[in-house]
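Can you keep this structure in mind? I'll have questions shortly.
Chain IDs A, B, C and D follow the sequence of writing; residue 1 opens each chain.
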Amino acid sequence: MVDYIWIVIALPLAGAVFLHFFGSRLREPIAGVIATSTVGLSFFYALIAAADFFSGTGEAETVHLFDWIPTLGANAELLWDPLSAVMTLTVTGVGALIHLYSIGYMHGDPRFGRFFTGLNFFTASMLILVLADNFGALFVGWELVGLSSYLLISFWFQKPSAAAAGKKAFIVNRIGDVGFLIGLMLILANFNTLTYGTVLADPARFVTAGTATAITLLLLLGAAGKSAQIPLYFWLPDAMEGPTPVSALIHAATMVTAGVYMVARTASLFELSGFAAATVATVGAFTALFAATIALMQRDIKRVLAFSTISQLGYMFLAVGTGAYVAGIFHLFTHAFFKALLFLGSGSVIHAMGDEQDMAKMGGLAKVMPVTHLTMVIGWLAIIGIPPLAGFWSKDEILALAFGAGGWFTFLWVLGIITALLTAVYMTRWMYLTFWGEARWDDGVDPHESPAVMTLPLVGLAVGSAAFGLLNTPFHGPFKPAFEHFLEPSFEAIEMAHLPSGSTPWFLALISIAAAAGGALFAYRRYQGAEAFDTAPVAAKRTGVWRWVTNGYYVDDIIGNLLVLPGKLVAAWTAFVLDTEIIDGSVRAIGGGVRRISGWLRPVQTGFVRNYAVVTFAGVVGLLVWFVSQGAG
Amino acid sequence: MGFNVLSLLIWLPVAGAAVVIGLPRRRPELVVPVAFALSVLTLGLAGFLVFDFETANGGFQFIEKTAIAPDLGIDYHLGVDGISLFLVALTAFLFPISILASVNVADRRKEFMAAVLLLEGALIGVFLALDLVLFFVFFEVLLVPMYFLIGLWGGERRLEAALKFFLYTALGSAFLLVGIIFLSAQANDQFGSPTFNYLELLNLDISRSAQYWLFGAFGVAFAIKVPLFPFHTWLPDAHTEAPTAGSVVLAGVLLKMGTYGFLRFNLNLFPEATVQLAGFLAALGVFGIIYGAAVAIVQPDLKRLVAYSSVSHLGFVVLGIFALTSQGVSGGVIQMVNHGLTTGALFLLVGMIYERRHTREIAAYGGLQKAMPWFAGFFLFTAFASAGLPGLNGFVGEFLILLGSYGRYPVLAIIAAFGVLLAAVYLLWAYERVFTGEPDKEENRVLSDLGLREVGILVPLVALVVLLGVYPKPALDRIEPAVERVLDRIEDRTDFEPPLRIDDIAVVPAEDDQ
Amino acid sequence: MTEISYLAVGPVAALTLGVVVILLVEVTWKPPTAWLGAIAGVSLLGGFILAVAQWVEASDDPIIRFRGMLALDPFAAFGAVVLTVLGAVALLVAWPLVVEQGRRAAEFIALVLLALAGMILMAAAAHFIMLFLALEVASISLYVLAGFNRHRAESNEASIKYFLLGSFASAVFLYGVALSYAATGSLSLYDTAEFLGETVLLDSAALLAGIGLLIVGLAFKVSAAPFHMWAPDVYQGAASGVSGFMTAGAKVAGFAALARITVTSYGPYISDWAPAVGAIAALSVLVGTMLAIAQSDIKRMLAYSSIAHAGFILTGLVAGIDGVPYVWFYVVTYAFQVLGAFAVVSVVSGPSGAKSPLTDYAGLAQRAPVLAGSLALLMFSMAGIPLTAGFLSKLYVFREAVDAGYLWLAVLGAVASVAGLFFYLRVIVLMYMSPNGEKSPAPTDIRVGDPVRLALTSVAVVTLAFGIVPGPLLDVVTSALPF
Amino acid sequence: MEVTAGWYLALGAVLFVIGAGGMLLRRNALVMFMSIELMLNAVNLTFVAIGRHVGDLNGQVAVFFVMVVAAAEVVVGLAIMISVFRRRASASVDDLAVLKG
């Protein structure tokens, strides 16, 4: 079974190749059906392959497919262990549902087939990423998901904004990848290979803490790029230019979590460097808070979710940085469900509103879209962390573990709690502006519930969001921490963070629940009361800090003016002054110089015999002088 | 070996040129098929060569040797090793494509095809020659057909470009020639008889100072060909003004003569100087990476953009070669091939769009993806290959080079890594401006997508790009032994210890994995 | 009387006989020009056969004849062979001109043959006085040929300049002879060599000065800088038909003589004269190349390029006896090339004309592909592009220079030959890359007579054949050493 | 005082230089040619002197050849000059500067 695990990748890949060539010829639903089924099959294959892990008898296995670049220890080798199994299942499971949903969402798009090519290709790339057995293969998947994200964000290439967003996403990711690449250089230089087996088994054998710090920080840069963490988060909001299923699959559920996965995978390296781990946690906590604040003021239904995604990824970073790898992966897992759910829901809304994305023009959709509304409520409760829904368990575990880590992490815990509060505020706002209150639709718009093909996945994801939290509870008996046991083999060697002892966890849980409930209540009241409508969560002050927040702290402008513009100027100077004028200029000058000298010399040939005789005679004298001097000497 | 495959590889195209010229004036339609058939035949020979090549053998194979001028030690001496093998194959592969891409050449078609075929013969000769005079002959004589290709069938500023190309490169070769002569003089002193035989010259022991001078003399010639900053300014003009076939061959193969020369001659003949100067050249290469990319970003002319991207990519090759590590050098070699494929494809694509719109101005385009989805697809694919996307050939080379060179020049390798980023910037930005958005100009809306011939031209390239990206092993297996020989040689000729030799690598059995 | 050997003078005799017959026939019967040509052809053939015979004879036992006047050695024989062939080709090239001359054709042919005789003797002379006579015979005939076209101002000017400067140079040469005589007490090349071989002169100032003046005299003939000033004017002024012959013949004979006296008589003093020769070589290369770039008239351009080539050939001579074979190789192949180039000129710009602006050559490729093709080939060869004799010649002489320790000279030469591309390529650009007849006065297509066609073919063959398979020629020249 | 060969050689040298000077300074073709004759005769004197000094006939004989050659040069030279004078009255070579550069 496991020996053929490559089938998991091969299926969607084959789907992509097939659809690339024939997708455009197929009648509409068929392409979608094919794509969906390839991913679905992968899911079931993975499920069966993971059976041993469920029974706890599973052994990590590597499958060697073929040599790629042996001299770097980078071969086509797959690693099948609980961690990659979880990732595979998440990717294929959530992926399959989103594929299904897309059949409805992309209905009528002229490039229907092409879209599924992209989705399938992305799934394959993501699976390469999570199944890789060495950093080389990991990097392949790493870049390929970037590519597919680029292709899918700018899927509607006629929209300049979409094209630009795609480019931005890829390039910002590449910035991170440079860091990643340099990290790989260090790894090869110290380990002489890129294979996990050698590098991760017992890194202390090869590297000092210092080197480990360098390596891990560089990897972190790559992770920050993929997972949209500070400082490389700013591509994700623009990425919402892509079709909503793309946002759901790539920019919420799977690709953006690659960074988290990578940190978890390289846990043994991070373990060597407390500093790097702390950095990861700090980056995560701050990103979480930062993004949450921006989310407060967004009017675009998807941008809110985008910033929310960044914020949630922050939690995951906080987790893996704290050493709570299981918690991190668990949050990744649950988040995949409820965030995908929320995105698909917003997609369903956008669909219903005739591609309207401004929440100021929505409201009161609960009545017309009952199913969507219901599922969204579940998603909403899940993300703000109301027990017993998934979000609560995963997020709360993270916070608890952070608190338990003590010291600096206690401060990060505080940030986490504030973020939890803000999350509740902006998500409630999101719900209210979209589904509740009175309708503010433009005339001519009449929303309607989406077709079953779209609502079905919503339901599926809703169930996940509601129930999967119970997979990992701190209790015993029926709700034992199954997820943790499941992942244990992958983290045997790793020193895990522990829950604080005694009743503290309960206490912490209460705090976070309070924060969530309080935030939700505040926001609800804010809008219920308001007559003069205003999207801002607090009484209208469009000035000072709020303008900053509304514009995402002007980060894009700052980058545009401080990095991109000067960069272009420098390039232009190099090209049109240094290269054309100075370097090529001097080359041309040499050529012209030779010609000019030749011109100057011509008049020497006066045409007068006497002068010729003079020159000749001068030659004679010169030669005589030489020879006679030879004789003398 | 029943027949002298190497000689055939060189002289078949040359004879082909004669045949093409000899075709009756009244039957112009024959020209292209004949030329194409001949180049395909050559490709077949190259294929035979690749398959008949002894994989594990790092030395020269298929050697041929006959004296031309015995008392001067000039021989007709050919041989192929893992380093030259794929350059020959690349050459033989690119020419049928370039010929097929030039069927629309109307003016003096016979002469055009003849020139192209001559060029092919000469280029293959450069990579096969094991006698320095013979090498120089091929190295120099191919300027003539190239000169005519640019000067007769080129763009508006073709004359200037052609002259610049010829003079600039010839200037380099002048020093090369003197260097070669000096070597044979040394041989005369040490062996008692003059020789230009590469294999014998390897046994010379050359004083350190002499090595520096010779390294310089050879190096200038090769640096101009590569081209290394600051000797690169002939390249954008030549590439831009040359007809499509010319650009493809220039970028695809001609530039490789420089890097090949460095690897074959400088590293082997002047090991001490190499070890001393490697850092400097690697630095130049890295500078070229960033510089070429920066200049490419703002080029308003699509063809110039691709031309400068070559400067950037060749910088990687130079870095790899002078890293003097197994991975770096093999990466350099395979990157030569990769660059030939991707940049060749890019020039072909630019040529195709130029044939339709007769402009290379990026600003003149926009929203092409609507009218020409296939063209856009091919372009994007090639762009990503050239930007070093994993899974495509470009990555394998750059990955090996970067990781391989870190062991020797951490700082340089790190700077070079940013070249990968910049490549994405200039290629994607160009793609955005040319292909995306709504086609605002009428002439862009009515463009016809690629025809069967054009697709036929591109598909083989694409196939190879993917193949080399996913399964480079066959190539690497043939390249590495030759590279190892070079490094061994440097190791025992100098006190230098190349880091990261392959045999140092801890090979981990798949079992004891986590 | 073994001292007398008719074989030693054979070629010269054949040519002189030809001269006499032609003149007599002319005055008695006034036959059609073709006959005169036939007679000339016969005497050249005779000369050639005898020269070959000399070769066969001399390669066994080279020896001095006529009381040390003439050397019968492979060196002389080879010179004779080359010069007779060269003469034949030259006559073919000049044939349109000859025909133009009408009744004066006989004189013209006679002068050419006479000049050839003189040149052959220069290569064979083993005695300074003999050498001087040969030199004068050749030169005087050339003075006349230069001014043969009496009715054109340029022609007159050319011949008088050539004459005045030429005789000035001869005088200098002769004084050199006298000084050498004073130092060694002998006028025979070989006795001089013997004398210098065994006795070491305490104060050799006179001798060295003598050597210097001798070199000047011959450097003038081969138009090496700074004794080159006459060349451009003369080559341009003289009718295109003969300029080629003057350049080629003078070079071959001049270098033969120069090589013989330097390596035989003054061989022991190589450390003294080689640097001087090197300096002249460098100067010639520089002056020739630099001035050729600015020329707008192809004949002047070729003249300056011939100065540069004189420099290249001298580069080979600094290696002394070792260099002689390659000097031969260079000078012989170059002689044919320059002859061919002037042949094209004489067709395109008229056989008797002095003016030959480069613009005449715009679009020549369409009007006369054959001419354009061969001229292009010659340009590439002169520029030293591989697969042509020009490249190998340069390779060899540079190699000799480096072997002799003149690395700088080789570098200079190599770089200069790149600068040379400036003007060689210009011709090609005009012929191939400028639209048909643009700026050219007569875009009528050009007819090439059979003689010229034959000449061009032979030149092209020589240039390519020896460029690709130098072996045969190398074997010959390496054994064509002075006694 | 007794006149040795040295004096003759010196005289020869002086004459030669005078001739050369004339060649360089005068612009009349005939005069220039005369200076060349002077140079040749200077050489003759040298030959005789040396021949006498070393007691070798070659020196004396050479002189005859030189004279003959000089004569031949005169013939040709005058012929050329006449053909020039036909076109223009002046004998100054400075008028002959069409070909230059």
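In this section, contacts are C-beta pairs under 8 Å (C-beta built on N, C-alpha and C of every residue); 3 or more make two chains touch, one makes a residue touch a chain.
Computed from a prediction, not measured in an experiment: that's the story for all the values here.
Colleague: Give the chain pair, either A-B or A-C, that is connected by more C-beta contacts.
Modeller: A-B
Colleague: Identify the chain whose mean C-alpha position lies nearest to the mean of all protein C-alpha atoms shown.
Modeller: Chain closest to the assembly's C-alpha mean: B.
Colleague: What is the distance in Å between the mean C-alpha positions of chain A and chain C?
Modeller: 79
Colleague: At what distance in angstrom does the C-alpha mean of chain B lie from that of chain A?
Modeller: 37
Colleague: Where the CA atoms of chain B average out and where those of chain D average out, how many Å apart are those spots?
Modeller: Once rounded, the distance between the two centres reads 66 Å.
Colleague: Mind checking the centre-to-centre distance between chain B and chain C? Centres are C-alpha means, answer in whole Å.
Modeller: 44
Colleague: Residues touching two or more other chains, restricted to chain D: which are they?
Modeller: 20, 23, 32, 93, 96-101
Colleague: At least two other chains touched by the same residue of chain A: list those residues.
Modeller: Residues 602, 605, 607, 609, 613.
Colleague: If a residue has to touch 2 or more other chains to count, which residues of chain B qualify?
Modeller: Those would be 167.
Colleague: Quick one: which chain pairs are touching?
Modeller: After working through each pair, the chains in contact turn out to be A-B, A-C, A-D, B-C, C-D.
Colleague: Which stretch or stretches of chain A touch chain C in the complex?
Modeller: Touching chain C: residues 594-595, 597-599, 601-602, 605, 607, 609, 611-613, 615-616, 618-620, 622-624, 626-628, 630-632 of chain A.
Colleague: Report the residues of chain A in contact with chain B in the complex, numbered from low to high.
Modeller: 60-62, 64, 66-74, 77, 79, 81, 133, 136, 139-140, 142-144, 147, 150, 154, 157-160, 162-164, 167, 170-171, 174-175, 177-178, 181-182, 184-186, 188-189, 191-193, 195-198, 200-201, 490, 568, 570-572, 574-576, 579, 583-584, 587, 591
Colleague: Write out the stretch or stretches of chain B touching chain A in their complex.
Modeller: Its residues touching chain A are 164, 167-168, 230, 233-234, 291, 294-295, 297-299, 326-327, 330, 367, 369-370, 384, 389-391, 395-396, 399-400, 402-403, 406-407, 410, 413-414, 417-418, 420-421, 424-425, 428-429, 432, 435-438, 470-473, 476, 480, 500, 502, 504-508, 510, 512-514.
Colleague: Mind listing the chain A positions that touch chain D in their complex?
Modeller: 602-603, 605-610, 613-614, 617
Colleague: Tell me, which parts of chain D touch chain A in their complex?
Modeller: Residues in contact with chain A: 20, 23-27, 32, 93-94, 96-101.
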